[in-house]
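Each structure below appears as structure tokens.
You will see two complexes here that share chain A, one where it goes with chain B and one where it goes with chain C.
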Partner chain A sequence: MKIFKSLTKRYIVFTPILLVVVVAQVETYSQLTTSGTFGAAVRLAIPILLAGLGGLYSEKTGVVNIGLEGMMIMGTWFGAWGGFTFGAWQGVFIGMLGGALFGLIHAIATVSFQVDHIVSGVAINILAAGVARFLNVIAYEGVAYASSTASPRIQGDIGIFTMPFLAGGKIGETVTPNLIGRVEDLNIFLVSDFAGLMLGFLSNISYLTLFALILVPVSFLVLWFTPLGLQMRSVGEYPAGAESLGVNVYLMKYIGVTISGALSGLAGSYLVVAGTGTYLEGQTGGRGFIGLASMLFGNYKPFGILMGSGLFGFADALQLRSPQAVHGLLIVISIFLLVLTFKAIFEKKYKASVVSFLLSAAFLIWFVNSTSIPNQFVYFTPHITTLIVLSFANQRIKLPEKNGVPYKKGELN
Partner chain B sequence: MKLAINIKNITKTYPGVLANSDVSIKVKSGDIHAIVGENGAGKSTLMKILYGMVKPDSGNIEIFENKANMSSPKDSINLGIGMVHQHFMLAKNLTVLENIILGIDRPFLKNIKLSKYKTEIQKVMELYSLNIDLNQYVDELSVGEKQRVEIIKVLYRGAKILILDEPTAVLVPQEVKDLFKNLKDLKNNGVTVLFISHKLDEVLEIADEISVMRSGQMIDTVLNDNVSKTQLAEMMIGKSLPTPPARLTSTDEEVILKVENLKSNDENGRTIFEDVSFEVHKSEILGIAGVEGNGQKEVVEAIIGIQALDSGKVIFKNNDLEKQGTRERLESGISFIPEDRQLQAMIMEMDLTNNVIIGRQNIKKYKSSLGTVKMKNAVNESEKVISAFEVKTPGTSTLATALSGGNQQKFVVGRELEDDPSLLIASQPTRGIDIGAQALIWEKLRNSRDEGLSVLLISADLEELIGLSDRIIVFYQGKLVKEIEAENITPEDLGSYMTGLKK
Partner chain C sequence: MKMRFRLVSVSAPIIALTISFGLSSLILLIIGKDPYETFKIMFEYGIRGKSIVSIINRSIPLYISAIAVAVGFKMGLFNIGVEGQYLMGSLVAAYIGAQFSIITPLHILFIIIVAVATSSLWAAIAGYLKVEKGIHEVISTIMLNYIGTGLIAYSLTTIFDEPNSNYDLPRTKELPETGKMPPLNKFFNIEDLQDLHGFLVIAVLVGIFYYWLVWKTTLGFDLRITGSNPIAAKFSGINPNKLVVIAMITSGGFAGLVGLGPLLSYFHRYTIDFPTGLGFAGIGVALLGRNHPFGMAVGALLFAFLQRSAQILDLNDVPKEIEQMMQAFILLIVVVFYEVIRRFIVKQQVKDASKRSDE
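This part shows the complex of A and B:
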């Protein structure tokens, strides 16, 4: 009984994944699990992942960072400027510096001057939007193809990478077989769907994507298995205690928030360098905030953030590639809500069970009585999916204890 | 004999306060040395100076007969000084091991050698016979265990001088016993212990030498063998101690509050308390004893309607309170002193007049027919409280935060007693305040009781509980395990009931 309980608690998150695979067996919805969809999902997830990791570094040291969006905007502008002036990789680096600069501003305000973290974050977001427009007008005066809201195209690009043998990449000039691709074409239940997922990660991905993915385990190691990480986390948990042991609280917070800015900047420059190729005003589109949501979804753990941003990227990819497949998500949501209904009954939460049963029925009726989803709703898919999963995940988010609490040096009790 | 610490002529002023004035003290190596004094006597400031957290205005310190210049706790740690703070300096969401090794490595990007540290720490624990599971999260530890982690933490850093700031304030008698045993082991291993306290019995039990501080000055240092408790107390407060007068009136038969079979579960279905039944008579103080987290706080909250009940009845003056909200209950004659004056009892950024009307804005005295507040009455009221309870404040428009803890608490108690309630629920009414304020609050509570007030008293200070109460009930694991007349019990016995050692 106890084991069953802990199983449902831990693995109920995976039921929607299984449901998606089942629904994908129907021809109309096959786009749900193709390698193309997953490939797009990875591309769309990376900026959110990076912003989420950025948030992690900041909040683990106890500084709430809703300025991620603003730092990301700086990343897009500086990334494009660096890319236009020097080249793609230099652009990435300069974008990171731009983000880091705004991270530093946030750190100075919140750490040294004890400004409320939310106030400073809002200020950063407003400031960044203005600064980006200002810089864009100044920097590209008289340059062709530039306007006040867009930059010219960057020089060169970041290469793409396909895994040899597994995904059919080249070694030198020789083309190797695409083993996973063949498995995907076999259309075996679950196996082929999983192969699609693998291909999404291994074929035609930007080197920058690879770099971002490597940052996930790296962040885990840095934060949990190095003296630096331990000190950073301790500062978010109990700064007074950390200071009594000689930890430089301010320095740790500065490091955390600045890294946070750099990663958000990287997220922004990714949008430019691995995406549009130019800076466009408003192209971050609130991804910084979604990154913050993915951090909460991931319960302040790097791999959790990967899952959270992956989910959003998946939903985003679906609405872009196959609005038809989005319709299939309706039945997935309906069945998942039914599962939650039974879970609630099992836990004797009768009110919750009634609510989720009614919602489940509503989604079922919608699914049966329609063949597609109105376009307006399709665009909304990623956000609503994230919202639904966040609200039903029913997890206990473990915030750093002194997150968002300004700390004054020497304030030991 | 070698001196571990030699503090010479330390002076430290804060704006408007002379915290330490020309303080000198010598601590012999390998001794247990106690520093006693009232709250605000300057003990904590002196310790903060010794630990490098605060810089003195003048004077100097020698550690092991070498001149020491400390500008941060790190310097003190390097000199072999370790401090166990009154509020534990532990991060709840980190493991015991992480808490202990925090700050030892410089903050670089390299692998922490967790297993190496583990064996080293285990060696230290064996040497001083201290025991704890290193992999547990601090969140899961009891108070006594947390303190042990703090001690291990400083010993592992090679501390030869251990400063303990009010170490027994948070412990029950059994845990105090364990602590004292540990301290003696430390002493036998050559560690010098500096022990700060205002509990004279404990100091006399454990210390070799005792230094007394009063209003920022060092009064004297005496050998334990040459001093009595009364002498110490008189040195401490500068005048002879008031003794509680014996009760002259008697408890009335009339039942004011009656609770029957209270039961409540938390959201995970775990029982918080069950089978709780008791009565409070008119003109009686009923004490509630229990280690924090054994359900007594929730029971009290259930009586005033903050905590939801699964079953059971609360009957106040023959009325069932089930359908009444917290405000109605308070207006019907129950007063409540919450345990945390700064978080619950007062709004720190508001002035005293506003703090008097909080929660009472609907009673006739303060509400005009237009629904506005009658400020004049409120000002009169707060003036009344200030004079009756000797609250030291410039006036009624002073912000609550500007008052000292003792004066804040006097004001809260005064406010709650002003309305002539029939029942007062007092949760930790004198926690963390100085002896003067404590004596005044005790006296006021006794007087009100003699005039017919019923009091439900929850306190972690067992002496206060026994001294004030007529009857005491004990909570253990959410159940009422014992009911005793207060005259017939010692703190040690009470402690045994509270920890489930005795039934």
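This part shows the complex of A and C:
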């Protein structure tokens, strides 16, 4: 019985995934698990992943970074400007610098002046929106296809990579067989869906995506297996103790927050360079905050953040690729709520079971009486997913001990 | 607090203003414009009669939005969702208010109640999520903003759209004459100028009510003590979870009033060009005014002045977006200097106390 309990606790999160696979067997909702959807999910997950990693570096050193969104905005603008003036890769680099600059401003305010971290972050977001608008007006005066809210197209692009043999990539000029693609076409339950997922990661991947994915293990190694990482984490847990052992607390915080800005800037420039090709006002669309949410979901661990951002990216991909498939999610939610109902009855939480049962019935009625979800609802799929996911995943978080507490040398805190 | 410290406190926004003007001048110089000339044009345009009415009208929703944010700030709760809350409230109030017609004061009171109720319900979701699910209010309110925008876009085109209209863009039915707020021009004897919004009266009342609520009631005391020392507050018997929900609902209630100034006095209906962004602007005003009813009034007027006076800049070949930058500069620098000054005052107080104990 005890084992069953711990199993339900740990793996209840995987029920929705299984349900999605089951629902995807129906022809109408097959888009749920195709390689195309997963490919889009990867593309959309990367900015969230990078923002989440950015949040990780900052919060591990004890600085709460609500300004991720603003730093991402800077990344989009500088990325587009660099891309337009010099070229795609240079754009990525300049976007990172733009984000890092705003990270530095956040560090100056929160570390040197001990301003409340959330207040400073909110101010950074407002500043970034204003600066991006202003720069866009003055930088492209008289340039064709530019307006006050959009930049011209960037030059060139980042190359695309497809894995040979497994996903049908090329070696030299010869085309290799697409093995996983064949498995996907076989339509075997679970196996083909998994093949779709693999293909999403292996075919038509931008080199920038690979770079971002490599940053996950790199961050893990840097933060947990290097002296620098140990110092950074110690500053977030117990700054006064770290100080007494000779760690330069301020410096570590500066490093953490600036890296955080650079990664958010990278996230922003990814949106431009590997996505739209132009800067558009408001194109970050709250992804900095979703990144923060994925960091919470991932419990401050790089691979957890990867999982979280994958989930949000998947929700985002569905809304872009197939509004019909989002309709299929309604039945998934309904069944999942039913599972939760039984779980609640099992745990003798009768009030909760009634609530989730009623919600489950409501979603079922909605599912049966409609054929698609209105466009306007589809647009906020990632945001509502964020709230739902955090509602179910938030109880086990281990925050850095002194997260969000301003630290001043020589003061007890 | 002693007079000396009060004077020092006031210096923070003044320093911030000076530095922001300096920075903006520097930027103007870099893009090849004369800063002195630019600011002169802005100032001269800003103090015209028409501009002053426009500034006051603009400052009304800014001020109320700042108060909505400040209620949360007072207990260390960050309601970033004023944006979604006021838009929700305005839409529902505009729709329900247009369905019938009773005498003006009652009609307006009814619209206000509907807006306040809608917005506080929407805000309560964030309070619930924080207390029951442990989701930080910054994340939940931001997500609720996006969800709210989507719901508004959907319901405006379906449920709330004016029936049988030939107009292509979705909009609600116009409010009847009884639901429109009369302007104050007669009262101030400025009938040659554009309408001065009657909602000004309500904004002033809201400011007084906010002062009473936060500084003169038990709830306000609980809010303030939780904001300045959560542990002490807990030991004094305050239930922090209950207070979070109450504060969120109160904040949302104030947010409901934000959109009503423009709605009752100018737009008279909810359309897709209903002003947005007031919720975010309110955060800036609340930070600038340090959550004080008078300070926020000055802040709202200042930001409204910058917005209005920047309108002339495009005619003079200066990008008017410089104004948004200036607002953001003021905001960032002012929060830094408030912290610097706060620490300075604490240090001085400690010094004074030790001097007294020596004597």
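By definition in this document, the second predicted complex is superposed on the first by the 409 of 413 C-alpha atoms of A that agree within 3 Å, B and C clash if a C-alpha of one lies under 4 Å from a C-alpha of the other, contacts with A are read in each partner's own complex, and residues count from 1 in each chain.
Just so it is clear, a contact is a pair of C-beta atoms (placed from the backbone, for glycine too) under 8 Å apart; a residue touches a chain by one contact, two chains touch by 3 or more.
Here the structure is a predicted model, which means the values were calculated and not measured.
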(request) Identify the partner contact of A:Phe289: answer first if only chain B is touched, second if only chain C is, both if each is, neither if none is. (result) second
(request) Could you look at A:Ile384 and tell me whether it touches chain B, chain C, both or neither (first, second, both, neither)? (result) second
(request) Quick one: classify A:Leu340 as touching chain B (first), chain C (second), both or neither. (result) neither
(request) In the overlay, work out which of chain B or chain C sits against more residues of chain A. (result) C
(request) Check whether A:Val63 is in contact with chain B, with chain C, with both or with neither, and answer first, second, both or neither. (result) neither
(message) Looking at A:Tyr238, would you say it contacts chain B, chain C, both, or neither? Reply first, second, both or neither.
(response) first
(message) Could you list, by residue number, the parts of chain A that touch chain B in their complex?
(response) 222, 225-228, 230-234, 237-238, 240-248, 251-252, 398, 400-401, 410, 412-413
(message) Per the contact definition, I'd like the list of chain C residues that touch chain A in the complex.
(response) 31, 78, 80, 129, 133-136, 138-140, 142-147, 149-151, 153-154, 157-158, 280, 283-284, 287, 319, 321-322, 324-325, 327-329, 331-332, 335-336, 339-340, 343
(request) Provide the residue numbers of chain B that touch chain A in the complex, in ascending order. (result) 48, 53-54, 72-74, 77, 83, 85-94, 98-99, 101-112, 153
(request) Can you check the complex and tell me which residues of chain A touch chain C? (result) 66, 105, 109, 113-116, 118-120, 122-124, 126-127, 129-131, 133-134, 137-138, 148, 285-286, 289, 292-293, 296, 374, 376-377, 379-380, 383-384, 386-387, 390-391, 394-395, 397
